[in-house]
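There are structures below to look over.
Shared chain: chain A. Partners: chain B in the first complex, chain C in the second.
This part shows the complex of A and B:
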């Protein structure tokens, strides 16, 4: 499965999770996701907690930017790895609010568990 | 105040000399500074609380000044460690403060909370003051895992509001398992961040309550946990509710009474109208007992200690 499908699957899981929908309803963000090793842009958009994702550049300014190799991004957004793990090892860079990274951690935990 | 007070700790206003002196240095507001004298196991202890108005640097200065001058020091408005299901997470800001003290024992109330607060819950249940069908909102459970664990173990339907009230994420933690998982996943990083990002310190303790999350208070029969978090999100009406907390002043008690709270339980005794922070009480116990919370005799010593929590019927049914 490619990263586009992984990100879309992540967005779908979020949208289907009732408690996450409540948690994210005050969360509107444009997230740039950059697979650095292949130089490919992706995006995740949250509009009042309704998530969508796709391939290509964002049409708006990014509130948050996540950069890593494609395999790391696929692992994080498919639940194989927590975001904190590669972040602490320097394999995942996040630009933006640290609260958003915290929220991402909570989202992945709620979707996939430990 | 018309409230009826039961079970307060023994207090003496005599002229005998002071046996021990302890000071609580808090990141909280200096407006809440106070002092009192208590008798613990026959020892007269002078206790004092001093706030640094949210300043870590000021708190550190105060700690350095006190080092070697008093019998024990309490660290308030911050936790030195969060201990969840046996795992201990060191809070970086608090470690920095504690490291400034070289001679005097420094405690944060964790040892008192772990041992004494579950006992309070069991005693309230045994006395019929609470019953296990009542819904509990713990505004924060990660800093009071002993109390939360007691509610879970006794069968109370319990929601932990750590993500809601400390991180602003509207996600109630609905089980012990979920609480422990969140702690394992999040705390290793959270404890490295500035403590003030997750907890009201200094002037933030005096701000007008934020009522975004009122529904969680409405749904609960028992509201438990840190009073500064309760106060920060306090809804206008709490009719018939039971509040289990500490560090309340007489003004806070009046505030809760006006909002309709039926019963206020403070896990630390009320002295001169205030319930002291767990850190100060723990410091007093360390000074008197000569044993610290990480030493083998601590649990037995605390459990056998002659200290009562306080109950105030603010609006009797």
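This part shows the complex of A and C:
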């Protein structure tokens, strides 16, 4: 499965999760996801907690930027590993507000557990 | 047109205020007295300036590492990439506990200042109240804590400059000669002066909130300059008012003395307020940084998962309350025993070891990842990083082996040594066992969930 499908699957899981939808209803953000090894841009967009994702560049400025190799991004957004593991190894780099970083971490925690 | 920028990035001002605020602890006022006692009086300001230059060299290591890996996990990532996972974890655990030492030591000073100002209320009660208030603010989210942090540093440094200048102007005529007098313990004075600046690097975990990778180095350098000016002037004022600083060696309220000389009762209360805001900055900054650090370690399963709980406002509440409780316990302990210097020396020792470690990491990462982009390079590699390693290793040994209290026991070394041994045992023996048990539990769960 490619990263686009993984990200879209991630967005769908979020949208189906009742508690996450309530929790994220005040969360409207544009997230740029960059697969550094292949130089390919992806995006995740949250509009009042409704997530969508796709391939290509964002049409507006990002609130958050996530960079890693494609296999790491696939592992994180498919629930194979927690974001904290590659993050603490320096394999996943994030730019943006720490609250948003926590929010993404909580989303993965609520979807896939510890 | 496609967007490439980032919204909501932090301004350079925040890098400066965070760095300056975290370095400006209430115990710094006592450190200035110690510097003055060692240098023999009025050249304390010069010792602080020289110490500032040494710290600037250490800051250049942090700048390079921050540029390489701008991560909130800072030393955890750098040491993992530059050395290995186990060393990184031990160093991270010991480093995180330093925050608790500094909070407890600052609480001790705060309690004594407020006991001196408001005699009827026990000092420890102030500490409990303020620590509890800071923890409560933090539990409500990082935004309020950030506002407190942002405004406090400039208020503190601005006040120090103003009050010190007035005290110098109102004090006895300043004689230029002694300002450049080098006493017999001048270098010990410089070594002590270094500890006025420690904590400046705690701005590193904010690295990913700045769009420009150069904001953190610039912020740190400006902050170090401001601290040097503010505390240098404070040292000048203090040694002008009290030419024989050994008279103040046991005082816990030198800042109140300077305040009273400058502006009478107004100056006294102003400096009491400054002590309060300084301690709040330390409590606040320490809890914000350390709680998120503990959370990150718990999320990677290096610490018990209970520490990874977040409240509804996305604050790592278990880690925050746990750290605040430990800090309060330590503070009560030093309040009862009066041995606050153990914590100061322990904190100073660990910080110095970390500065030496950053040099090792600069060397190691230049070898291991030579082609990775470095927006900032350490000054005059390899000379300055090598010098920083030697100087700060020496300072760490000095801080940790200095006997404190009655007898000749270096309690800071005992304390930090005990912590390091405990962390090492946990990382080498306890953690692999914990991880094995978790894997087994997960496999059992998967098997029982599989359909027959």
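The working rule: the second predicted complex is superposed on the first by the 114 of 114 C-alpha atoms of A that agree within 3 Å, B and C clash if a C-alpha of one lies under 4 Å from a C-alpha of the other, contacts with A are read in each partner's own complex, and residues count from 1 in each chain.
FYI, a residue touches a chain if its C-beta (ideal position, glycine included) is under 8 Å from a C-beta of that chain, and two chains touch if they have at least 3 such contacts.
Only a predicted model underlies this, so the values are computations on that prediction, with no experimental measurement involved.
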Ask   = With chain A superposed, do chain B and chain C clash or fit?
value = clash
Task = Using the superposition described at the top, determine whether chain B or chain C touches more residues of chain A.
result = C
Message = For A:26, using the defined touch cut-off, is the partner it touches chain B, chain C, both, or neither? Pick first, second, both or neither.
response = first
Inquiry  = For A:65, using the defined touch cut-off, is the partner it touches chain B, chain C, both, or neither? Pick first, second, both or neither.
reply    = second
Message = According to the stated criteria, A:97 is in contact with first (chain B), second (chain C), both, or neither; which is it?
response = second
Request  = Classify the contacts of A:110 with the two partner chains as first (chain B alone), second (chain C alone), both, or neither.
outcome  = first
Request  = Could you look at A:47 and tell me whether it touches chain B, chain C, both or neither (first, second, both, neither)?
outcome  = neither
Note = Re chain C stretches 203-211, 329-337, 365-373 or 401-409: the one overlapping chain B is 329-337
Request  = Kindly list the residues of chain A that each of chain B and chain C touches, one partner per complex.
outcome  = 82, 84, 88, 98-99, 102-103, 105-106, 109, 114
Residues of chain B touching chain A in the complex = 163, 167-172, 181-182, 184-186, 188-190, 193
Chain A-touching residues of chain C, taken from the complex the two chains share = 2-8, 69-73, 76-78, 80-81, 141-142, 206, 208-209, 211, 292, 296-297, 299-301, 305, 308, 310, 314
Query = What residues of chain A sit close enough to touch chain C in their complex?
reply = 30, 57-65, 82, 84-85, 87-90, 93-99, 101-103, 105-106, 109, 114
Task = Please name which positions on chain A make contact with chain B in the complex.
result = 19-20, 22-23, 25-26, 82, 84, 88, 98-99, 102-103, 105-106, 109-110, 113-114
